[in-house]
Amino acid sequence: MISNQIMFILFSAMIIVFSILTVTSRKILRAAVYLLFVLVSTSGLYFMLDYQFLAAVQLTLYAGGIVVLIIFSILLTSHISQKFEPTGIMKSVFSAIASIAGAILAIITILDYNFSATAQAAKEVDMRLIGNSLLSVDYDGYILPFEVISVLLLAAMIAAIVIAKRGGPEKSELPTLKQE
Amino acid sequence: MSTGIPVQYFLVLATIMFFTGIYGFLTRRNLITMLMSVELILNAVNINFLAFNRYLYPHKLEGMFFSLFIIAVAASEAAVAIAIVINIYRRFATINVEDVNEMKH
Amino acid sequence: MDILSLFVLIPVLTITGILLLKDARQVRLVAIFGMSLQLIMAAVLVFLYLSARHSGNTDEMLFVKDYLWFKSLNIHYAVGVDGISVALISLTSIVVFAGLFASWEVEYLKKEFFISLILLATGVFGFFISIDLFTMFLFYELAVIPMYLLIGIWGTGPKEYSAMKLTLMLMGGSALLLLGILGIYFNSAPNGGRLTFNILEISKVVIPISAQRIFFPLTFIGFGVLGALFPFHTWSPDGHASAPTAVSMLHAGVLMKLGGYGAFRVAIFLMPQAAKELSWIFIILTSISVVYGAFGAIAQKDLKYINAYSSVSHCGLVLFAVLMMNKTAMNGAIIQMISHGLMTALFFALIGMLYGRTHTRMINQMGGLMKVIPFLSVCYVIAGLASLGLPGLSGFVAEMTIFVGAFQHPELFYRIVTILAISSIVITAVYILRVIAVLLLGPTTNEHFEHLPDAKWFEKISVVTLIGSVAAIGLAPFWLSSMIGTSLQPIVDRIVALNPF
Amino acid sequence: MSLGTFFIMRHELLLITAALLVLIAEIFVDAGKKRSISLFSVIIFGVITLAGFIPSPTGTVFGGMYISSGTTLLMKNILNIGVFLVFIQSLTWLKKEENSEKISEYFILLIFTLTGMNFMISAGHFLMFYIGIELATIPIAALAAFDRYRNKSAEAGIKLIFSSALSSGILLYGLSMIYGTTGTLYFSEVAKLFVNNNLQILAFIFFFAGMAFKISIVPFHLWTADVYEGSPINITSYLSVISKGAAVFVLIIILYTVFPVIMGTWQKTIYVTAILTMTIGNLFAIRQQNLKRFLAFSSISQAGYILLGFIGGNQLGMASVIYYILVYIFSNLGAFGVVTAISNATGKENMDDYNGLYQTNPKLSLIMMLALFSLAGIPPVAGFFGKFFLFTAAAQKGFYLLVLIAVLNTIISLFYYLLVVKAMFINKNENPIEKFRSDFPTRFALGLCVAGIVITGFASIIFEAIKNLSFGV
Amino acid sequence: MINFSYTIWIPLLPFFMFIFLGLAGHKYFPKLSGILGTCGLAIITVLSYITAYKYFFTTEKVDGAFQKITAFNTTWLQFTDKLHIDLGVLLDPISVMMLVVITTVSLMVHIYSLGYMKGEKGFERFFAFLSLFSFSMLGLVLATNIFQMYIFWELVGVSSFLLIGFYYQKPSAVRASKKAFIVTRFADLGFLIGILILSFNTKTFDFISLTDPSGTAITQGSGIGFLGLSIMTWSMIFVFMGGVGKSAMFPFHIWLPDAMEGPTPVSALIHAATMVVAGVYLVARMFPIYALAAPVALNIVAYVGAFSSIFAAIIACTQTDIKRVLAYSTMSQIGYMMLALGVSGYGGHEGLGYMASMFHLFTHAMFKALLFLGAGAIIHAVHSNHMTEMGGLRKYLPITHITFLIACLTIAGIPPLSGFFSKDEILAAALHHNKLLFAVEYAVAGLTAFYMFRLYFSVFWGKETAYHHTPHEAPATMTIPLIILAIGSVLTGFIPFNQLVTSDGRAFESELELMVAIPSVLIGLLGIGIAYILYKKESAIPDKLAATFKYSYKWAYNKFYMDEVYLFVTKKIIFKLISEPVAWFDRNVVDATMNAIASVTQGVSFRIRGFQSGQLQKYGFVFITGAIMLAILFIYLWK
């Protein structure tokens, strides 16, 4: 009970703090690392919620895949130690107002709502169930999305290739500075 | 494992994360950090789905599967986005989003 | 094939014919052939109509044909005519015919010019034969839009500005109109049953008064814009001034009549109660149009502006009369439409011909043309006299019918306003005579004008056709008046039945 | 699971097959003959388009994940026609040297996007819907950045992908709340379990924002102009017509079937956004010089008009929306076709360049005029009928004020459409665009568009067929 | 019953002549058209005389009264069941009398013009217009209903316009024609309004039913009131306004002197003998209503007539243009006729004024036409209008001299010439009715004699003027009409009008009232005597007199500045104060509003372009705020 709560508080504190650091840090690589921390903490929450499979996916795909992708791209496009100029003050203020307003709105609305747990028994989430559901063609079966997402992944692959592919008149390999 | 924690806690957490992500999206100048903010947003949504699934509708796995698919979609989206970002870098010699505004008005 | 659809079909075929022509020189021949055929058809229609009436056919509309078009909305392609439409169709054929001859010398993009012109005519013909609000509206917009190109391409002066202004304001009118039509449609079956766009069917029911109060003003203003209702008339001076001759003719002569006809056939016929209730507002506006247009014309120097303001005044009289809602005044309104159509077309034709010779439309730059080009000048005088309501020409018949009718209105307010409107005939005389005096009479001031050629044969055809019609109506108005009057009877009966005075 | 299931899903399956065929062709065709792939793809797609019209059983498969009905088939067929036209129009562009390496990718990605849209339309579950929407968006972002050598193209790509990421984030947040309040994501169940509470309204608004992004409804439209301008022109036409059309279809289906309970709320939402969309779109369009950008804003305002068909929640509304999309496909593709042809021939895309076009290229000018008139809703072309039905649908439910605002907006839109007409027909130009003759595919596509613009309106049978397949709330 | 249906040809023949000459004359027979026109007119003159004879002497009277005979009637334009414009021919004493007057004078003028207009450019046009005028005037007098009268009323107006502006290249002629048309048009507006009010209440246009003394129009018409006067009075005042305009009564007289810019035969025909008396005819036509239902209006007629007559007579004394003198004289004489009508009653001897008015109308037509034609002959001879450039013409123009003298004596009321009889009746009627009016008219009689003989002496006697070309007598085509009219002027006084033309159609007895006749002859002779002293020989007295009464003379010479008032009204008020502001308002307010809508739209469009900043994050910001705002709106504000 208490340990649950302590864990939750720990994870959520990490998530919130690192989230904020991710979006405020002026060093890009550090931001990426903070993001990693957020994602890892989130997977901790998933564990708490008994979704071990998803936690694993989160760790591998998100923390492992996407963050690595991001770091690679950072390396391609930025100097490691490069510091950002601070964001324009007006922009920060307005964005903050918008975000906080949105958050307050959402939180008020959520807290206003009476979530009532259903009486139905929880299913044991094991790999077999996940696999069966994923391949089921019946109600509550996910084979169709599963198939379609494969198309999506293929499309994304081709899309990324299209952009990376040579063709057309290249200006020069080394990018020139943008002309004002 | 999650007993003793009301579902609202998760939701509030997710909401804060979501809007932090939004804040990041709106303020970070670097396209890649903007992408990170998007990941925060998606992550927040995932927490929502899972919390709902666990607390309120545990008899089915819709929320969980949705999160799973979101992760997959996020991955492909990130891939394409990064490809375009790199293209931008080649074109504009910068990935500062504020400089990418040849077209306006 | 029914006879009425031919009125749409012949122009369409003419357009197709022009399109297919390889040789640009034959364009006007084809156009004139087509429109002469149309003129003959109009004569045939008048004959058929009168003989049908003579043989005792008392239907409200004759030659009705009805083809279901959009079943789910109950939209029909429905045509039919009564005496009013027949009269206006004849007017249109005459003006179009004269207009083609007046534009004989158009050379720039000749093919396109004639196509646009005939397209415009198609819209007008279609409008007059339609008895379905949807097709009516379709043809209405179809008639408006070629104006843009006609003025924009072949116009003079600030043509682009004028064309845009004209188009946008007229489309603004049609926007309101669309709303009005939809309102009518959705209230066309207050007692249950199928909604309909058909005017005749709608006229069999009574649109709820609450709906009438909303949609009558919309419809009336919608049509009123085209009928140059104050304060929505300002497209008219600029538009007319910039338009090429034939377009001014068609526009002032025919297109502006769509406004009056629509206001009468749709707004008042279908929603007589609201019309009666709200008529005082529009009576005030229209009488302002009448007097204001006339005063506005006095101060102008450009011939076309003078005529445009004069049209505002005369068309205001049409709407004014329609709103009086009795048979005589309405009869006068229709005759005024025809009369004004003919004589304003005549005016614009003559102005175009003068402009072609003198290259100016400013009256203070001209003078003494009577001596140089007597034919055109005499015609101009005749047009002017028709415009100021000389007996024996059509203007008199129309105005007197309107005034007598309007003065029969039982309420004193309306009669007093009528007297105000009547005073416009003096103002009209002032500006018409001023123009005639400055333009035609007196010594020839400009030596360049000494050797101007008088009318060419095609110009003569154009002008004589119109003058002949003006004089024919002016000398023998009884047949026209009775043809219109018979058709007005059911309309007035309906109005009176719903509005016991 | 049977063969029938496949037949029910034949649109999507055929599309995926076609994409794979193109992929295989790409592998087996020699490097020098890559251009033949485009013809091959177009032919395959033509066949698919025709096959789409074969009558077929409808039904719900995969336990409610996938719903096929007469309406969805109709929508898919309409999209197929549009895509077919886009494909033909892009043939000339693909012949360019710089594109020779990427022909098959172009086709594959577009076909995949279309597949995504089809899944979106047929979705019976929000997961399918979500994946469909992503499949319909992500590849397009890559296509927007297709011209790698152009800065603007890259910019378009980045703007599209990031905007879409943001919008799908918001959409997902909304979906999560729908899930949280109803416990299900199946359309049929959500419809039953939805009640009108605050959280659900919030969820709906967020969901709507995500969809509105796709349709470019104000204030979620800002990406539109930049992306349209920067993208290769055929992608722009695809985005403005197919992408938007699909989103419209999906939104109307979802509003009608999933959210009938909160109809009051979405009517108000649409009321507000429709007015904003029409007005803002028009106000921005007035000033545009670049024709692609111009058409972008025009398409925004068109979206506003389309919303008028939504608002009544009536059968007529859906019919008019579907019909309008069909008309819009022909009209907008007609306009884009002309812009494409001129851009391909001369590289000019500015309105000033069009001055005096009629003198040199009368046919193109006429087609452009016809298309623009159709967009403006001028008779006798189809746009007039389309707009009329939209307004009728809104008026049927008594939204007269909205219709009034809409018709007043059509006047503004007429103004800027006429500006183009003016440029082509009235303005004089010292050196107008030279006379050129387009190649066969361009002419063929334009011919189809013109035929569509003219016939769709007069042939009432088309509208009646659509009406019969539509449904109300 | 005698068949009068042929009378329809009396107006129609000139009409066809007009069409014929107007369309074909110019091209095919410019020279012949004068003869053709004259022949046509001769035919209808004969027809008119036959008609007059048949009407007055062979038609049976019913109940001792001449009947109103509708010889022809056809519906021309149907307004409502009861209101319709008919075109037809109504014969009654006054219309038959007018037929005679018009055809006679017109024929004379036609013949005269053959000589006078010879060689003028537009010779055929002149005759076409004359035919048009004859047609209109005949249609007017023969009208069966008031609307027909209005139609022809307008038509005579336009023929007058065309004929005044005959020399269309002369700016003064153009101005005059314009002025004549507009002024009368303005008056006609009143006529039309009068007709409308009348018809609204009586539901008929028809003269026979309108003027039936026991008809509903008259018996019920005086009931309904508006602003203290009965509706019928209002309508009659408005109708009279038309008459004022056409007959050049004060204050609408200003067009008449200017109208002398037209060719002199035209002045004789239109602006002396026929058209200008249309107002008198109109009042006479509506007389039963005036007398029985609208006495206030009838009083107005009397006072307007009296004032105009003295007003014009005073001005006439100072003018030097002979045609203008004659024009004012016309105005003065018409004032007489109006006054006579105004002081008349209905029926029997009460109707003396009515009879006198008609009588004077008849005689005036003869002698005034004679005066004008004589003036024409003078002008023809000396090529000038101004008395100052004439003198001693009696030697050169003997026939003109004699006929002119006869005319002058006639108008001065010297017995036994016709003017004496008719004027005497008028004075008698005035005396019985209103002493003040009688006094005015008595003074006018003296003034008339004075200014006519001033004219006569200045032109035919007076100083010997050196002429560039020796004046010579006009050709026979011009002198013959003079002689015929002179004979007419002498003889027409003996026509027994009290037997023929009376207010109720019944004859009554009237005798020469010596109490009136002798003083009037005396004052006539006095006027002649003064003129003789002042103008018989060249003398400085007139100038001295003029200098003595400088201001009054100046006012009179400048026609009491009525033209200036007219100019002020047209130029300053209508043009500057109304039209130009209206035009300005239209351009700068109404139109500007429309343009402002457009420019505001464009302005807004320009202002909001910042939204489309090209900044992705700003787009995102708008997106997010948009969504949040919508959510707040629909959750909290507009649920």
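Observations on the structure shown:
So that you can tell them apart, the chains are marked A, B, C, D and E in the order they are listed, and the count of residues begins at 1 in each.
The criterion applied here is as follows: a residue touches a chain if its C-beta (ideal position, glycine included) is under 8 Å from a C-beta of that chain, and two chains touch if they have at least 3 such contacts.
Note that the structure is a prediction, hence the values are computed from the model and not measured.
Where touching is counted per the definition, the chains common to chain B and chain E are A, D.
The chain with its Cα centroid farthest from the Cα centroid of chain B is E. Interface comparison, A-B versus C-E: the higher count of C-beta contacts falls to A-B. Compared with chain C, the chain whose C-alpha mean position is the greatest distance off is A. The central chain of the assembly on a C-alpha centroid basis is C.
Averaged C-alpha coordinates give centres for chain D and chain E that are 77 Å from one another. Averaged C-alpha coordinates give centres for chain A and chain C that are 69 Å from one another.
Each chain gets one centre point, the mean of its Cα atoms, and the points for chain B and chain D are 27 Å apart. Chain B has residues 11, 18, 21-22, 25-27, 34-35, 56-57, 60, 62, 65, 69, 73, 76-77, 80, 83-85, 87, 90-92, 97, 100-105 in contact with two or more other chains. Each of the following residues of chain C touches two or more other chains: 168. For chain A, residues that reach two or more other chains under the stated contact definition are 91, 95, 98-99, 102, 105-106, 109-110, 115, 118, 140, 142, 145, 149, 152, 155-156, 159-160, 163, 171. Chains touching one another form the pairs A-B, A-D, A-E, B-D, B-E, C-D, C-E, D-E. Against chain D, in their complex, chain E makes its touches with residues 598, 601-602, 604-606, 608-609, 611-612, 614, 616, 618-620, 622-627, 630-631, 633-635, 638-639.
Residues 316, 319, 373, 378-380, 384, 388-389, 391-392, 395-396, 400, 403-404, 407-408, 410-411, 414-415, 418, 421-422, 425-426, 460, 463-464, 467 of chain D are the ones that touch chain C when the two sit in their complex.
Within the complex formed with chain D, the residues of chain B that make contact are 11, 18, 21-22, 25, 31, 34-35, 38, 41-42, 44-45, 48-49, 52-53, 56-57, 60, 62-63, 65-66, 69-70, 73, 76-77, 80-81, 83-85, 87-88, 90-92, 97, 100-105. Of all residues in chain A, those touching chain E in their complex are 91, 94-95, 98-99, 101-102, 105, 109.
The part of chain D that touches chain A in the complex is made up of residues 1, 16, 61-66, 97-102, 105-106, 108-109, 112-113, 115-116, 119, 125, 127-128, 131-132, 134-135, 138-139, 141-143, 145-149, 157, 173, 180-181, 183, 197-199, 202.
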